[in-house]
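Before anything else, here's the structure in question.
Chain nomenclature is as follows: A, B, C and D, assigned in order of appearance, with residue numbering initiated at 1 for each chain independently.
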Amino acid sequence: MLVVMKHNASQEHVDAVVATIEDMGYSARPIPGGQRTAVGLIGNDGGVDSARIQGLEGVLEVIPVTQPYKQVSREWKEEDTLVTLPNGTVVGGPEVVVMAGPCAVESEGQIIDIAHRLREVGATILRGGAFKPRTSPYSFHGLGLQGLELLAKAREATGMMVVTEAIDPQGVDLVVEYADIVQIGARNMQNYPLLRRAGQAGKPVLLKRGMAATIDELLLAAEYLLAEGNNNVILCERGVRSFDNHTRNLLDLTAIPVVKSLSHLPIIADPSHGTGIRAKVIPMARAAVAAGADGLMVEVHPDPPRARSDGAQSLYPEQFEVLMDQIRIIARSIGRDLVAPLPSAVAL
Amino acid sequence: MLVVMKHNASQEHVDAVVATIEDMGYSARPIPGGQRTAVGLIGNDGGVDSARIQGLEGVLEVIPVTQPYKQVSREWKEEDTLVTLPNGTVVGGPEVVVMAGPCAVESEGQIIDIAHRLREVGATILRGGAFKPRTSPYSFHGLGLQGLELLAKAREATGMMVVTEAIDPQGVDLVVEYADIVQIGARNMQNYPLLRRAGQAGKPVLLKRGMAATIDELLLAAEYLLAEGNNNVILCERGVRSFDNHTRNLLDLTAIPVVKSLSHLPIIADPSHGTGIRAKVIPMARAAVAAGADGLMVEVHPDPPRARSDGAQSLYPEQFEVLMDQIRIIARSIGRDLVAPLPSAVAL
Amino acid sequence: MLVVMKHNASQEHVDAVVATIEDMGYSARPIPGGQRTAVGLIGNDGGVDSARIQGLEGVLEVIPVTQPYKQVSREWKEEDTLVTLPNGTVVGGPEVVVMAGPCAVESEGQIIDIAHRLREVGATILRGGAFKPRTSPYSFHGLGLQGLELLAKAREATGMMVVTEAIDPQGVDLVVEYADIVQIGARNMQNYPLLRRAGQAGKPVLLKRGMAATIDELLLAAEYLLAEGNNNVILCERGVRSFDNHTRNLLDLTAIPVVKSLSHLPIIADPSHGTGIRAKVIPMARAAVAAGADGLMVEVHPDPPRARSDGAQSLYPEQFEVLMDQIRIIARSIGRDLVAPLPSAVAL
Amino acid sequence: MLVVMKHNASQEHVDAVVATIEDMGYSARPIPGGQRTAVGLIGNDGGVDSARIQGLEGVLEVIPVTQPYKQVSREWKEEDTLVTLPNGTVVGGPEVVVMAGPCAVESEGQIIDIAHRLREVGATILRGGAFKPRTSPYSFHGLGLQGLELLAKAREATGMMVVTEAIDPQGVDLVVEYADIVQIGARNMQNYPLLRRAGQAGKPVLLKRGMAATIDELLLAAEYLLAEGNNNVILCERGVRSFDNHTRNLLDLTAIPVVKSLSHLPIIADPSHGTGIRAKVIPMARAAVAAGADGLMVEVHPDPPRARSDGAQSLYPEQFEVLMDQIRIIARSIGRDLVAPLPSAVAL
């Protein structure tokens, strides 16, 4: 941490900064410069609360030099984390994975039918909401436990892995029982009791970036999971809040190479929530793969106009098929490939 | 809801929109215009999911006309909601209330001492965190239950009411037992299981605006509380995310008159989190009152440089005293006043 | 335009809205609904100033239904605009164009050398700043007229077309004399005297999106050019302002499919300014092509660490070569291709 | 400037940074720490382009320590700048100034009439647009030269000073001839040729913050004016772009105390453009004074519903009178006052 003093800070001001740093248990190293003095804080483990120094007289600015996260950083672990699922799908390796399915599980027919169609064209992970956080208390909130049971049936029928969201600590326990990946949604990225429980879940976690979360905050949220002993964490860019209203969110694809340089964790993109509009999902899905995403999460519905939620951003199954063909080529253009489709036998 | 068709939409496209609206159980009314047709959806109760229509061919845009929230709106209830607390403080009436105290409860000495000093200069509500959501898993997370007990002692000693944050549904039950107002923090504004439990708590709720929440989203979050039967809701503007890093957040004071025109609920401002810098707290606290806030929530610490969290944004008690004098005059300039200080007898 | 009345608006309020609309020369059509009345304004040509109505009593909201722009819209002109340059490069057709070169022209050796290297690997348009708008008055502001002369020499030597920025109306005249495309930079997107002059320039214009411009504002800025009779307009997404500081800007690639649905004008992306960091330029350049961009503008410098401006975001020539190979494959994955390289003879 | 190296940066990487810094003409001072090394750049005058260093291998981050601006900073000049106008109004002193008038000059009757009314209740500076930058090419763009002549007549009639906008370098010369303060609008905050001309104008300049300008960028734009020798600069906060659409912009009042701590220049607020809605102008005008603004710029129109531009945000004269009474009290609550009204004799 670097404490930058004001131009006209007195020696007393500098001394007070040094004393405060030492009182906090660190060493201080004054660095006189041409225009002003700075004081380095040495021995920082990333957990220093700069607030105490910030308020001292003569201090212009406190600049964090050490990153605030640890276990998620590439400096802590150089090699990529691979999240391996029971059906053989590996997230974070050279192959790009595709998670697809409806926004919400609506009925047995719906979820089994769509799972078969997605599996045929190469998706190996099935998404579908059972517990839906909704902006309005009067909207459809999902089938709950019944939704989880239907997802498990679809897994049995197709061999696909299941990813679904938990919205409170108790929900984590339920989701773990039925699904293969526990999803933490954007609205809950900083719901710390939920993160702690997910960190103890014993299954991989998909952590979505909050609507206005900086990349450092996303990594710190992931740090909660790793701090509980869960290293199987997949990050997900799904759009941030911005000022233009032609799309639901602003999909920040640059976050993908940024995260990959800062962290060893895999990161995928969700162009469905990232745009909110069917016609924009396909180009942005392609763009995410071109930007280096380790995977995609895409909403596909057998009959989008009749979807009970997010129909406007759900692809038709035929569109999804075209998309798979395009991203296979794009993945190969950068030396990757799509995860191999599940063998037919799995479904028996 | 108004469905705006594209310039070149065919009659079939318009018919499909009409059919879809009717299939959803509403009436449709086509409105041909000079350049394009629009279709009005009649009978909307605020809960329509526009997604299904948005994806239809020929549709340019779907414009919500009815507000998505109900019970929180001024159209639902014209007169201001007054939240009356046991010590006589009324939030939302002509008098401006002040909630003050340290970021976190740290010790019995700290909280009792500061409570007495705040009470003397006119604050009637004591704030202090027992459960602290922190961006990093390695930061101080509050004293928990012990913190609640200390807050209750401070109430007994001073007659001040206590507001403190709950971060999970179980925590709500604990907070209700010890405090007078349950605070829902900015990170949890869309934590719906938490909102539902707080809606059932039987005590007033202070709901902070999320870091990137639109005002409609803030009102919808409050709607969760009212939908559970809790009408004693106080909103709080505490700064939104923006692009300048000279302050921690961008305090959006215009939200105050905007909320007051849309909703009957009281709204206060938190200039401490809204700026993150001690020297900016005072001017922005004054500005909030001038903008029409029903109250303030301000961090004051007996010894800010030694605070265990948020020291840089905590006022010294002497600064708080000056602030109280200034906002009293400002409140009067717009026909209001500060809440009367608690009588000395209460503290005996 | 739709004027939404408050729930409790009286008949007098509605009548006043109708009277105001008629006084403005349009027709009004009241649309009574279940909860509230709306009033449609008919005969709107896109130029209505809603402000007068917005302030009337009983008005909740004024919703623009007609788009504010005209000639740039796809409703005005269905087919894509193709901008054809003297060396045969077509912007906006099936082939993806690449504009590359240093941030600023620094010397004859620099610009001629890099032009040859870029041309060899397939770029057909040379970029390079002669007039540089800089945030600080103390930074390098470009070689001015001499820079233009050097760009013209590079064109003569390689057959590449030249694009360079004009920062004031007089500058437009100079740029037109020496270059093939007049660039209007992000800071000047709403510099209307500059836009008008560029609209009269008689040469194609590259218009960059302002740092916080909505897509509608970008299209309205382009409308200034078309309103002056210049239809050869190329739009450019180059990143918008956001809250994360890991990158210089947030490259909004979704703007590409959004613009393509709203307008017939071609749109390219500038991943160099859009990210500000060399290592992020390549993935985002690929992503832009995958998202459907009609072209790229990329900064390449023969010796980035010694560049006089923007060295940190400039590619090494070898990196650019790899990029060209990758985007060729990506373009083909969506049925496009790169513009054919210039024949060697041109350079003689 | 501080160059933070990656954890695993080699000695060669550090040496290359040192060599580059020395090659740029500065001294380098390596600062080894517990986790990583940083390299200080000494002798920086604020004009260093960090890009060259940013791109070197092993570099994690480059942190500017010296502020990029000079003459505008409080470190350069400790005491407040006072801008004194011919009619005795001083901007930046203990008294709060009020600039008021219509968005645009529309006719002689309109501007003379409103000037008299504003003057009577204490405004000493008249605003009114003659050259209007408008988002759409089809909107009213002002009366031009005739507007300037009418403003000059209003000054003669009332003794008020005139502030009006220039939108291109030639316009500056015209405005200087007729007005007392040259306004640079938000869209032109980074129009450098315009800033340079205004810096040479010999009259005070009112510089509005750009829609997405950081405070550092605002100060750097002002630096262009001071660099040309014009020290009479007044800054103006007028709202920044944000994600909520209940108001036109988000008025960032915290910018006022932030600017006052960083710079000696006066800063005023424009709540009319900052909110865009008449009913929000008054509370936010009060809030600006409470936050410490040196003045206000407010739109007042004799007949807002018939204004040719921005009618929805223009106050009625009666509202303005109430506002003046309120802000007088607020100014006094913080030891300031309103500028004394012009004596009647001046108008004769």
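What to note about this one:
The rule is short, and it goes like this: a contact is a pair of C-beta atoms (placed from the backbone, for glycine too) under 8 Å apart; a residue touches a chain by one contact, two chains touch by 3 or more.
Because the structure is predicted, anything quoted here is derived from the model rather than measured.
Common neighbours of chain A and chain C, by the contact definition above: B, D. Centroid distances built from C-alpha atoms place C farthest away from chain B. With B-C and C-D as the two chain pairs, more C-beta contacts join C-D. Between chain B and chain D, the centres computed from C-alpha atoms are 31 Å apart. The centroid of the Cα atoms in chain B and the matching centroid in chain C are 39 Å apart. Per-chain Cα centroids separate chain C from chain D by 27 Å. Residues of chain B in contact with at least two other chains: 212, 240-243, 245. Contact residues of chain D toward chain B in the complex are 212, 214-216, 240, 242-247, 250-258, 261-262, 274-275, 279-280, 283-284, 286-292, 326, 329-330, 332-334. Taken in their complex, chain D has these residues touching chain A: 2, 4, 6-8, 29, 31, 33-36, 38, 40, 42-44, 61, 63, 65-66, 75, 78, 241-243, 245. Those residues of chain C that touch chain D in the shared complex are 20, 45-47, 49-56, 68-70, 133-140, 167-169, 171, 187-188, 190-194, 211-212, 217, 220, 223-224, 227, 240-241, 277-278, 304-314.
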